[in-house]
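Chain naming follows the written order as A, B, C and D, and within any one chain the residues start at number 1.
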Amino acid sequence: MVKVVILGQGYVASIFAIGLERIKKGEIKYYGVPLKNELPIKIEEVEIVGSYDVDKNKIGKSLFEVVKNYWNNGVPETLKEIKIRKGIHLKSLKNLPIEAEGLEDNFSLKEIVEKLAEEWKSLRPDVIVNVCTTEAFVPFENKEELIKAIENDAKDRLTATQVYVYAAALYAKEVGGAAFVNTIPTLIANDPAYVELAKECNLVIFGDDGATGATPLTADILAHLAQRNRYVKDIVQFNIGGNTDFLALTDKERNKSKEFTKSSIVKDILGYDAPHFIKPTGFMEPLGDKKFISMHIEYISFNEAIDELIISGRINDSPALAGLIIDLVRLGKIAVEKKEFGTIYPVNAFYMKNPGPKEMHNLPRVVAYEKMRQWAGLTPLFTK
Amino acid sequence: MVKVVILGQGYVASIFAIGLERIKKGEIKYYGVPLKNELPIKIEEVEIVGSYDVDKNKIGKSLFEVVKNYWNNGVPETLKEIKIRKGIHLKSLKNLPIEAEGLEDNFSLKEIVEKLAEEWKSLRPDVIVNVCTTEAFVPFENKEELIKAIENDAKDRLTATQVYVYAAALYAKEVGGAAFVNTIPTLIANDPAYVELAKECNLVIFGDDGATGATPLTADILAHLAQRNRYVKDIVQFNIGGNTDFLALTDKERNKSKEFTKSSIVKDILGYDAPHFIKPTGFMEPLGDKKFISMHIEYISFNEAIDELIISGRINDSPALAGLIIDLVRLGKIAVEKKEFGTIYPVNAFYMKNPGPKEMHNLPRVVAYEKMRQWAGLTPLFTK
Amino acid sequence: MVKVVILGQGYVASIFAIGLERIKKGEIKYYGVPLKNELPIKIEEVEIVGSYDVDKNKIGKSLFEVVKNYWNNGVPETLKEIKIRKGIHLKSLKNLPIEAEGLEDNFSLKEIVEKLAEEWKSLRPDVIVNVCTTEAFVPFENKEELIKAIENDAKDRLTATQVYVYAAALYAKEVGGAAFVNTIPTLIANDPAYVELAKECNLVIFGDDGATGATPLTADILAHLAQRNRYVKDIVQFNIGGNTDFLALTDKERNKSKEFTKSSIVKDILGYDAPHFIKPTGFMEPLGDKKFISMHIEYISFNEAIDELIISGRINDSPALAGLIIDLVRLGKIAVEKKEFGTIYPVNAFYMKNPGPKEMHNLPRVVAYEKMRQWAGLTPLFTK
Amino acid sequence: MVKVVILGQGYVASIFAIGLERIKKGEIKYYGVPLKNELPIKIEEVEIVGSYDVDKNKIGKSLFEVVKNYWNNGVPETLKEIKIRKGIHLKSLKNLPIEAEGLEDNFSLKEIVEKLAEEWKSLRPDVIVNVCTTEAFVPFENKEELIKAIENDAKDRLTATQVYVYAAALYAKEVGGAAFVNTIPTLIANDPAYVELAKECNLVIFGDDGATGATPLTADILAHLAQRNRYVKDIVQFNIGGNTDFLALTDKERNKSKEFTKSSIVKDILGYDAPHFIKPTGFMEPLGDKKFISMHIEYISFNEAIDELIISGRINDSPALAGLIIDLVRLGKIAVEKKEFGTIYPVNAFYMKNPGPKEMHNLPRVVAYEKMRQWAGLTPLFTK
């Protein structure tokens, strides 16, 4: 059994909840779940035990009610039992058309982290999954500063995610172990302050920024070119979508944090910093969750011949991430059982756009996948 | 030093000759050569010592004269010393607008293979590279049948390539070792008859069908999907070009041999035979050597979401293969030095569309690349 | 009121029937119907009074039953009253996985055309719409030969369409006027034999080959280039789909008739015969009715600059044509009322890939559209 | 003979100069010139008599020297005779890596316009072509305010273009007629202040914003959809390039003026304001003048089927505009001869993204083209 608490009951978390229940009912196959049901912990053992949000229209409603807004082909009744609890937002919803309320309206940061740790002690999650909206943030780097910021109630200094992880660390310390999965760009697995805290508190951190969409595909295509020593002249990657995350990214500050994790793959894979334009490009409401991506890659082949690739796609954003989370919560529990606290590169390298810890780089995903399987005790898929 | 004999002085062989000389003169970088100059045998040590063709307009001319037709920005004078010799064509040029003459006009197959072996004994190539036009062929499977066909002068049974490899085996046996690189779809490394012959005669065979163009890229993209357990609904891959090879492929029989090697990747990588339409689609003269490719891949993601990728490209056909040959001739010599006669899967798996021996399958190229480096005694590029 | 008889109750005819009923019920807008509800004859006045097919599994069933196989989101009950009647197929279903039976099993051609004319005299259609599968055919050119072929029961000489039009002419002659809409490539509006016959018999013919899919779009893009005097170097147009029509086109003979009408636009629009590869490329079952198209156009701009366009798309085949038919049946009735017997170029030029009569050419569709509106007595959309 | 003065000797103006001279020498065909040599004034009669710029590295150099930086395959010697004169820049070069100097460094606006008018009286241009960098600007709307701004030396209020047109009006008044071609987004033909001024001063204005690149193609594709009553759900149009204009557009203010003219086509053609994201998206130096464009259009067809088009392209930016200018200067002279002062919609509607005067809208280009021919006294190309 893997008990899961969700932070941010939006599109991804809702598809995660629906897909999970449908798998349990045998309605759908394991498509989109990289490790299928190969792990000793089965998908059917995953259970959502709590969910947090800050949208006034969601707080207090049942998971069933909320999930219905994102998918309406028979939402499982089982989701009626979980009520959405009030979380924190701090700066994270500005510019979005959402009426927000958060624990910060009534409590200090210190009170909030204690309150959350207390709630979790009764819910008893093995894994806490962060699927909040992309935030503008500043990493801490230094654990003492982080602790001080919480003590001083520095609500302007921290983002919601940064507070949630702190609460998760308190909780993990008390119960002897837990995992936190950070699927958004806020640096957590890449922030030494948090990694140090996690090690001390029996917390496993997976992060940062779930590797979905065009970026992991770009990584594998660049690896393909690098292995043939084709010299990449330039890379362009546009993407536009209509879900809340794309709307959030029209905010410049947030966009920057995304741009960073997306761009880092170029140098990591190619070994040189090919000119690139890789960033979320816009918001187009009618596209919904199925974003449009367009890539252009130009490279030099043998005898100075110039080749060109153009890759376009329509990709469902939320299911891609939700499928990864099905693995991540199970791997999180396995890591806790192995007592590998801190952050775990072999897992991050496959599932995350910006795999922590900070000093580590991107691998071609095809390679990272096999290393991850190895960590999880599985036989290789290809490298037999 | 690696001495090379070329069979089929067309587009690929001409770009190979030009690029090689330009690298020697320091005019261009190693782009398009997968192993750059990492091998103990340096690119600058490769030397073309002979070239064969069956086009009346090429036989007897200098390499310089022939190469000029494919590239005209200053062909190196060094190519003036090599004269194009008369080879064999058998059925391989029918339907093409080429006036052909071949050794078969005057000699029996047995005489031809002996004559070629004799010529090579004076040229002393380490590696013989086959870059003939795609052929319609029937594999032998059984060595005795092959020998009998040569003895019986069964000119209708063998293709040019099948005769050339036989001659190469005779030659290798006498000089103690040589390599044959088969870059076209005719099954050689995948024909047990030839692999057995090679082992007995100190011949190294690399083959079959050089892994250029859309197919290896498709393989890596399919691997990307397989590792995320995305279920591929269908794959379409069109490609059209204007060089002689595309013209040759308008012939149905030849096209089939190409279709086979292209399609085999689907099941090899995905593990199931997703519906696919993968074949050379047409000839369009003005596109020249820079073919147009278009792919469409549709797959099922988590919670039954359906995603779509569309990949288009303009890719120079001949430089892609010529760059691989720069590696293959060096690896051929290394294999001979190691006395690894027969065929060598770790090399084939990266460089060939249909890697021999027959019982072996396609690997994702990203994985195959590292295995090949390992075989060549190099450190991994990514899997550190 | 426009009474319609359908020949070939496949995908297109089924979407036509469903969409029509849904419009009548106010469920959907007029999208995909070029003239919306601007004509004096309203869409709501169109009524299907009969339908013919040769599939054993369809004959005798209700339209409701058949239509359900193509679309299953609430088929209107109104379709229950029409029974599918037995038609003719002659050579038109060979190679298709359909068990066919036709009137030709029991009757001579002469008997068939009389029998059909008789049936229609009781059904009283204003318009007969031919949406059969693409046929391999030979045009007649000469009316006497056509008549002789019917008399001689030359079942190998005629296709189903060629027989149906003959029957329609008999019928039109007797009732004083009717229209025949030919949406497939078989030359009817382009066959002088049929146009002459139509004039004599009070028949209006619209044809040939409904202008859907990539071809009219290509025509408009070529017009765009022609108007800027950009010189088209080459055009490639691939398309692949999974409906019965694509399956039928894997048959070489049928494919040729399609290729012809698709290719004729190049010279008609550009004024020169730019090298082109335009033909249905393959069958891929999982794509269903939503075909994948891919185009590549390369052209020379000012000062010899070379530009490139790549157009990809997913296009629903049947709704595109069904929407045109909503107009064509109304225009057919209008033409009969105007007594403009024979064929009508201003209508054909917009709605047909190969607009008859034979001596006429393709216009850019944007231009043809306005001419068609003019013919129909409507004000221009753009050329105010 | 058409004498031309150029304002802004950048990429476009240089390709214009080279292409023009190459046509005169018979080196190239008329490709990219919409009206070819059909006009009574022949291309060979066009002559550049003066050129202005504000780049310190260009002023004082010969046209030959400057043009060489943009194209180096044999620049015609004839360009050696023209020296680049100092123009004005005002706010127009901020953020660009160009060391600028302008007449404004030493003169008041009033002095500048008089000085320019004087220079032109000796050069005697028939047509003045503005190909400056895209500017951030505020239109005047009111002629009196414009005059006052010049009088008051309001250098912060006017852009270079706004000053140049004023000077052109002075010049035209004195010589009895001249034309001004505005190929950039600054509203001139769409500013009633300038149109009124032009009418009074015998000036012909063509503008605004030369219709090159993806926008006119989008217009024709939207017209194609509108004529079939396909309902456009959303339109995305990305484009990125490496020339100075794309660099200039990374400046937010400039980008806005471009976005406006690009977006206006949607409502003008479709009749409703379909959700769209159409704007220059970024700068990527290695792409050079050959920009990458990517479009995505989703629309509803009959019976609520949803279709999708994806259009990608590599398009040479400067030659596209330079080819139009070859026509515009000749049409400018024709308009002066006809004494049609003010602005001329039939010319603007085809050649300009934002055709003036202000109250007029975009037409599908295919239609606009024929109207323009008609204005120029030519027979229709298609609408015979």
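Just so it is clear, contacts are C-beta pairs under 8 Å (C-beta built on N, C-alpha and C of every residue); 3 or more make two chains touch, one makes a residue touch a chain.
As the structure is a computational prediction, the values presented were derived from the model and not from experiment.
**Q** Would the interface of chain C with chain D count as same or different, where same needs over half of all numbers used to appear in both copies?
**A** Mostly the same residues form this interface, as more than half of the numbers used are common to both chains.
**Q** Please report how many Å separate the Cα centroid of chain A from that of chain D, as a whole number.
**A** About 47 Å, centre to centre.
**Q** Distance between chain C and chain D based on Cα centroids, please, to the nearest Å.
**A** 44
**Q** Could you grab the centroid distance between chain A and chain C? Build each centroid from C-alpha atoms only and quote it in angstrom.
**A** Computed from C-alpha means, the inter-chain centre distance equals 51 Å.
**Q** Which positions in chain B touch two or more other chains at once?
**A** Answer for chain B, listing residues that touch two or more other chains: 308, 310, 312, 314.
**Q** What is the shape of the graph in which nodes denote protein chains and edges denote touching chain pairs (line, ring, star, complete, other)?
**A** ring
**Q** Within their complex, state which residues of chain B touch chain C.
**A** 233-234, 236, 238, 240, 275, 277, 281-287, 292, 294, 296, 298, 308, 310, 312, 314
**Q** In the complex formed with chain A, which residues of chain B make contact?
**A** 15, 18-19, 22, 28-36, 71, 216-217, 220-221, 223-224, 226-231, 290, 300-316, 319-320, 322-324, 326, 363-367, 369-371, 381-383
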